[in-house]
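You will see subunit A twice below: alongside subunit B first, and alongside subunit C after that.
Up next, the complex of A and B:
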């Protein structure tokens, strides 16, 4: 059984319009690497040029923020859900 | 000071401690609930809530807060109602198009509930006026559409120690939480920095399903009422995610960041800053790196070249559903598919790329130039400008 990565609406155009992707990985870093090698366009949206996860993109394993776990090295178990949650600003005005 | 309200009841400032018979009748479905009751309804009557923005989120918020009897409702907005608002901003009607949003909203809300006081602030919220405007209110509800205002509202609420009921939407997806609650996290704990302009599509570009702001705005309204009543479990330390297509609510843990620059132990921000600059949006319309090298053609220039019979290949980088609304009979390759469909283009031809407003096609031109295309231009202002300057029969959307 694989790990499920949930793709947020704003990033779906760069992930073949998929809302989630199942893949094999042992850590969050591996999962995101595998995801961005499958969908190259996603990389610049997730990582800055120096290879760090962008500060307006949060990644969760199940309901926990990886910043408070072991970040990229956070281990994942089969059946875990990884969520990518970018900041969105929509609200008032057209 | 006594004021005559529309239904003839006389309300006075001292009356904030009691309900008139009219009010008892109006709020009877609240009063018979033990979770609200007379005490709760009086708390609502004494509450002061400030709404930032009266758009998609603000519309249901304003309606429900007014209906529930929140005694004083402030609204900050500076826009006018336009036709594209009506699909989701249910506080306005067709006859309001062209009017100031504040004027139209006040009229509608006051008609819904003449017992409450409505304060309007016709201004953009800025670092200069935010603290003065927010100071008088107990709770701030953030329904804005842009990152500078989001960070401004967050910082002002943290500095003033006021809870900030947050909601945000994109297409079919929404987020909600409460920031700035004593001991709880703030927006900067969640997202220390905003995305650079252009990386995340705006609502105007991305669109939004009309009911979505209704749902998220109602969650904000519910959380606001709970904060006032002091009942239930507030959405503090939790980020609620709503996916309308899958109809799924998910909840993520939201922690207070000990290193947060504004609410952490060693905070570095002690006063409001320049948020437009913070969000990298000085001169946002033309990011220097792109603008300087971007070859452009105006709609009029393109029209005269086409009329002359020049062989110009029109590349439309919008989505198929947009092509159905209107098109310039161009070859359709949505921006997201361009990398893998680039072989459909002949680099020896002169290509004019266009989208709705010129932004996505700008990205396409940049991409194609990197891919070696030399005879490529961006249609300045997109199909909107084409409609304005060349052919008004093309609908704008």
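Up next, the complex of A and C:
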């Protein structure tokens, strides 16, 4: 059994229109790497140019925010669900 | 084309006036209909940026999930977001671009001295380089 990554609606056009992708991974980092290797267009919407997860992109393993776990080193088990949820941010000029 | 009913515009306007001089923010719920989008509901949300709310807004992921849930309960989608620019034009800033995803509709409206002014909608391009304007069809009747 693989890990399931739920693709948020705005990013489905960059993931072959899928709403979820099943893949083999031992950590969140591996799962997201595998996902963005399979769907290269996803990468720039999840990661900034310096290779870090964009500040407004939140990743959960079974509803637990990975920031409060071991971030990209957070271990995942077969059957786990990884969700990608944005924070929405913006504003007028500083 | 983003279709927006008068009653919903008024709800967004009221939120902008109420929160002035702070930025207000909320979710747009609706449906894609061919090339158009029909906004069928709005969800006013709390601006979580306490440090600089006059020119920044933030919606937490739990509020995003709540808005998604409300959309699904109505058989709709979460199609975008609105926020106000107090005393500033209804155009996306560089900060808006850095924090956006494509596909979503981003409504921005100016609030000048607590009075709502111009409202425009924007979509980010695939390459994350620039916003393009999305025309808004303002619908005055409830039947539209």
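In this text, the second predicted complex is superposed on the first by the 86 of 94 C-alpha atoms of A that agree within 3 Å, B and C clash if a C-alpha of one lies under 4 Å from a C-alpha of the other, contacts with A are read in each partner's own complex, and residues count from 1 in each chain.
One rule holds in what follows: a contact is a pair of C-beta atoms (placed from the backbone, for glycine too) under 8 Å apart; a residue touches a chain by one contact, two chains touch by 3 or more.
Quick caveat, the model's predicted, so the values are computed rather than measured.
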Partner chain in contact with A:10 - subunit B first, subunit C second, else both or neither: both
Partner chain(s) touched by A:86 [first = subunit B, second = subunit C, both, neither]: both
Touched partner set for A:78, first subunit B, second subunit C, both or neither: neither
Touched partner set for A:68, first subunit B, second subunit C, both or neither: first
Subunit B versus subunit C as contact partner of A:19, first or second or both or neither: first
Partner contacting more residues of subunit A (subunit B vs subunit C): B
Overlapping contact positions on subunit A, where the subunit C interface meets the subunit B interface: 8-10, 13-14, 41, 45, 55-56, 58, 65, 85-94
Subunit A residues within the subunit C interface of the complex: 8-11, 13-14, 41, 44-45, 55-56, 58, 65, 85-94
Complex interface listing, subunit B residues touching subunit A: 52-58, 77, 79, 82, 84-85, 142-147, 150, 167-173, 175, 190-195, 199-204, 206, 208, 213, 239, 241, 243, 245-246, 250-255, 257, 335-336, 339
Subunit C residues touching subunit A - in the complex, by the definition given at the top: 23, 25, 49, 52, 55-61, 64-65, 77-78, 81, 83, 85-86, 88, 92-96, 99-104, 106, 126-128
For the subunit A and subunit B complex, residues of the former touching the latter: 8-10, 13-14, 17, 19, 40-41, 45, 54-56, 58, 60, 63-65, 67-68, 83, 85-94
